[in-house]
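What follows is one structure encoded as structure tokens, with my remarks underneath.
Chain nomenclature is as follows: A, B, C, D, E and F, assigned in order of appearance, with residue numbering initiated at 1 for each chain independently.
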Amino acid sequence: MNTQTRPNGRQHNELRQIKITRSYTPYAEGSVLIQMGNTHVLCNASVLDKVPPFLKGKEQGWVTAEYGMLPRATHSRSDREAAKGKQTGRTQEIQRLIGRSLRAVVDMTKLGERTIHLDCDVIQADGGTRCASITGAWIAMADAIEHLLAKGDITENPLKDKVAAISVGMVNGKPVLDLDYSEDSGCDADMNIVMTGAGSFVEVQGTAEGETFSRKELNELLDLAEQGITTLVTIQEQTLKSNTK
Amino acid sequence: MNTQTRPNGRQHNELRQIKITRSYTPYAEGSVLIQMGNTHVLCNASVLDKVPPFLKGKEQGWVTAEYGMLPRATHSRSDREAAKGKQTGRTQEIQRLIGRSLRAVVDMTKLGERTIHLDCDVIQADGGTRCASITGAWIAMADAIEHLLAKGDITENPLKDKVAAISVGMVNGKPVLDLDYSEDSGCDADMNIVMTGAGSFVEVQGTAEGETFSRKELNELLDLAEQGITTLVTIQEQTLKSNTK
Amino acid sequence: MNTQTRPNGRQHNELRQIKITRSYTPYAEGSVLIQMGNTHVLCNASVLDKVPPFLKGKEQGWVTAEYGMLPRATHSRSDREAAKGKQTGRTQEIQRLIGRSLRAVVDMTKLGERTIHLDCDVIQADGGTRCASITGAWIAMADAIEHLLAKGDITENPLKDKVAAISVGMVNGKPVLDLDYSEDSGCDADMNIVMTGAGSFVEVQGTAEGETFSRKELNELLDLAEQGITTLVTIQEQTLKSNTK
Amino acid sequence: MNTQTRPNGRQHNELRQIKITRSYTPYAEGSVLIQMGNTHVLCNASVLDKVPPFLKGKEQGWVTAEYGMLPRATHSRSDREAAKGKQTGRTQEIQRLIGRSLRAVVDMTKLGERTIHLDCDVIQADGGTRCASITGAWIAMADAIEHLLAKGDITENPLKDKVAAISVGMVNGKPVLDLDYSEDSGCDADMNIVMTGAGSFVEVQGTAEGETFSRKELNELLDLAEQGITTLVTIQEQTLKSNTK
Amino acid sequence: MNTQTRPNGRQHNELRQIKITRSYTPYAEGSVLIQMGNTHVLCNASVLDKVPPFLKGKEQGWVTAEYGMLPRATHSRSDREAAKGKQTGRTQEIQRLIGRSLRAVVDMTKLGERTIHLDCDVIQADGGTRCASITGAWIAMADAIEHLLAKGDITENPLKDKVAAISVGMVNGKPVLDLDYSEDSGCDADMNIVMTGAGSFVEVQGTAEGETFSRKELNELLDLAEQGITTLVTIQEQTLKSNTK
Amino acid sequence: MNTQTRPNGRQHNELRQIKITRSYTPYAEGSVLIQMGNTHVLCNASVLDKVPPFLKGKEQGWVTAEYGMLPRATHSRSDREAAKGKQTGRTQEIQRLIGRSLRAVVDMTKLGERTIHLDCDVIQADGGTRCASITGAWIAMADAIEHLLAKGDITENPLKDKVAAISVGMVNGKPVLDLDYSEDSGCDADMNIVMTGAGSFVEVQGTAEGETFSRKELNELLDLAEQGITTLVTIQEQTLKSNTK
């Protein structure tokens, strides 16, 4: 249906080059640099011996996330949120999404009263930073959980499944997978899809930027996303199996 | 497929009782109280003779929204955002969604250099406040545009279509339409769907709260949402035709 | 002394049309919509099982208030305080006044260690919002106390008296009662008077906006205010006796 | 009526010892240290060549005030507002009062497009700081205006009258003048009265702290305040005539 | 080496006129007004019965400082930090310096679980406010400690030494001591030196404003600072011995 | 004088392993990752076509810096400044230091009305992050200036000299160069020294953490720093000459 290649040379259903580096920094319990083309996100997982107030004494854990972008991660410099004194609505939306996505695959009762805090910081951005954050953060979280198991702090693995995310969108009337920045800023509609390793949906977020989209187009986009996430989950699996940690 | 009634007595595909009052307050260019069961939202549209900095001199207008909830709109009192000194992530997410949804059906070049600012304030909340905000705000915006046309400030109608929103969700494994608070807080997955009068999608936001959802379930939820929005759009149409303003 | 009617058609000593609706929203322990002409304020009383830090362990309760105005309650839109990240000096002044006024008629030792928190939110404003807030909040507080007595949470009624408030001012050199916005913004001096049902003063706040005022004028204003508050207190009494809750 | 002396040895109608130092600091256009007993307030008047946005191009000036209290001005240390990141409601209320009081005696059209900004900083506090601020700030403002006249920046004196302020209150059922901290914290009701040199009212602010007050008591308090302010205005007059600047 | 006098008439190694007033305000446990020429700083020491969270239960005390400048302490008015809602970087830098300097001469284990909180507020500023703050705050702290010893709250004196500070700088290529504002704003490089009574360094902070400085110049500046601090420490000693408290 | 090696195996006058990567990210006009042992800082230089308000119309440029640390750059996670809504005093102190240091070697009149904005973000921290930031930022700034020259935006090179920084400290009574975190947190006194390529001082900041230090020790520390900076400046020179950009 969609044979011509994109300006970036990729097929409509082709992911960018992916590179994942574990133990990227020496201190965090899980530390993953995920590179999807020119989008590079550092995902650090910290294990904290506390839970949010609403969970105190409930004998369960929590998973949460914060997201940030270095001021010059992008073509032009954006203001530093710490200097302005507040996080933008976009930042808050993204970090809430990352947190919900990861919580969907963790059994909190097996974590004990501790929090896995994911910090996803974008070193450089070329579109798809929230999806790369989720995919990378899952590996960082898996490494942090492995660390807890190895130390004997927990005895059962609370990880129920993998989770990964990808963007899809209608560009010039055609569905494409894994949009880079120039595609994203020019597209009619784009979606961010979060799915588990088992293939069910965690989040489906589609937005018509320019043109609204039909049910048929929605279905084509979901088909593409399923393909992409299948590949990402395989990469997650292989990464954990490798000795690269 | 789904014959039993819900705890609230509604069919699985049945909307709550809807009541829309135009010109609810005397000052705003458009002022709509939308009541969907026990969810009551006041949507005021203000016409402002300015645009955001990034649009200055571009000979086009803008549509934006802010959302708030009175502290005791809910079962237990929540903190007043103005007193705490910041809006929650949830508030920011919702007001960004309302703004995007309305912008999808407005031709900004026909508005002139002015902003339609929607204030959606929840007087009482029983689930579905963001969807009610969008559906009600569209009417308030239509009245504000009517006001601009009547005054001769603009000559062409910038409204391209209607837009309305509804929630759907998997409750006890079954898809239901227009969740109230007790259904929403207990459901496995819920979606907020925003569609135009022409039946295409503006926003699709689905979240697995407890259980992730399959492609088949996603399709059932989208079917339900389409039904609900068709009804809402008809109500919007009838409301504007009536003399009640 | 003052026979001509005002631009709004009222006599110099005539209150606006007053309408009070109890149980306006379904969740708050006391919920009152007070309408004085075009000024509409929703007063919700919440019972909270905590007291401020300085009262912990002192076996007494507290009464406090917050005040807000919807952005488009007025002729032109004002900024949303939650979005700006702080309450104006005017808002703080008003909510402190409401809190002090209500505390003057409550025996805190009979409340137990709980707080009655009044939220006064102005839906639409045509002058006199702080006075309407006090008069309406007293009824909401009375309903919340009734609720506590009915549940058996307290056994003695902590309410010592009624309290109501009204504005008076010198308009074109003549004293008038219950100023609306156009009178208020053009007046020489105005006062907000808070009195108990027994007729003694709780607060007297007079400000010369344009012209300073003499002792004789002050006395005429106080006379007018006493008349107005006598009427308001009677309305409060009748409202509580009615079955409308 | 009230013959016994107070714990502090003063008669019921006796002001504290007053000392006023002009040119207290070398830089401000007007700089006055006012000492009323143990209450010491430094009032600096700065002439700024700008007006607030709402007055731009209106060919008139403005007078405004800010108020602060050093953290250890009082018996126990209070938090520094700059460190907490916001001014309390009390601070805002007081600085708005000072500004309004001073504006009542200035003809803004004779000031030109400039602002007289009063900074009232409490070095030590023993009650009555807002009243001392107003009385002292008027002198600082008069010196700043004198400075503008001397430089030829303005040709007509915009000062219409003097303005001074004093507190009165019911202490143990008896009216007293110029309350110190121990009287103020134990009193039934207290008022802050602001009057012009001509003897008319600018502000009347009475609050029942413990017991509400009757019309008769209100009148007694106003009588006392008039006496006190007559004295203060005389002191202001003498201060300006002296060579001490 | 440096025989000509400065524009202010002082020799290159001459301090400004110094005047120290103890018990300047009546409430603080230590209250010192230090005047170095036209730089006047009020240093209040408060004894608080608490320690910061990181010291709870560690059986030791803490010393900390806050710094502020009255808005019109300087030639032109600067914004009030409390009104802007945050302290500048300069303010934070200075108050951190004061705190560190004082902590260097206190044995925290002898203080018990209490904090000595220094408030250094600049009444008028003519350069060198941070150094005057340190020199004055040490005396206020010594008085507060004397107060604790006199009350028997502590039994051993936690003061290990004196500490004082002075500025030095290269002005027109020559090293001078104790810069006033006009020297400071025109100088090539300036240093703030903090030393103990025993003559060792606590802080050395040198900054090239215009011209960088050589090792030889650095040594000359340090020589000058040592001289100045020797004098300041003697003055501290004499002040404490006098009966002026 | 100091022959034994340190716990980290280095000689007392030995720098950590240094690696500098230019063009680390693709968008910034200068982008340098500097690694000094386990301290990694990304220094991005952005060219902005504006100057701060106080320089408008003065026909000169500006250089400024911001500093941040990723939350899990360190052994235990620290709060994200953007989420807390303000930068710590430490952060502000450091970014002011970086800005001043770089400005010391730039001729602002040759920059035109533009700002070089340095963002120094610590990816991982093992002591010495402010010094690494300065040394790395200078290279990023040099690359940004090269970019301006290459584009013809400026014609004369505004760079007057190199600038680099290093820490020194007394550890167990002995002076050592380039402290890592474990040395820094256990040392008696430490200094951060900033020098130009020509060997003169830009900043000298010494702080006694535990023990105060003598003039002799200060001299030994300065000797060490001079050695270290000579090496760093040579590395800067070689880096710019290489083709690695």
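Miscellaneous remarks
Assume a contact is a pair of C-beta atoms (placed from the backbone, for glycine too) under 8 Å apart; a residue touches a chain by one contact, two chains touch by 3 or more.
The chain lineup, named per UniProt: A, B, C, D, E, F = Ribonuclease PH.
In this text the structure is predicted, and so the values were computed from the model without any measurement.
The minimum number of touch steps separating chain C (Ribonuclease PH) from chain F (Ribonuclease PH) is 3.
Ranked by how far their CA centres sit from the centre of chain B (Ribonuclease PH), the chains are topped by E.
The geometric centre of chain D (Ribonuclease PH) is 33 Å away from that of chain E (Ribonuclease PH), both derived from CA atoms. Note: centroid distance chain C (Ribonuclease PH) to chain E (Ribonuclease PH), computed from Cα atoms, is 51 Å.
Chain contacts: chain E (Ribonuclease PH) has residues 85-86 touching two or more partner chains.
Taken chain by chain, the contacts form a single closed ring in which each chain touches exactly two others. For chain F (Ribonuclease PH) in complex with chain E (Ribonuclease PH), the residues that touch the partner chain are 86, 89-90, 92-93, 95-96, 100, 104, 189, 191, 195-196, 198, 200-208, 212-215, 218, 222, 226.
Against chain F (Ribonuclease PH), in their complex, chain A (Ribonuclease PH) makes its touches with residues 25-28, 31, 38, 40, 42, 44, 46, 48, 66, 68, 70-77, 80-83, 85-87, 91, 117, 119, 121, 123-124.
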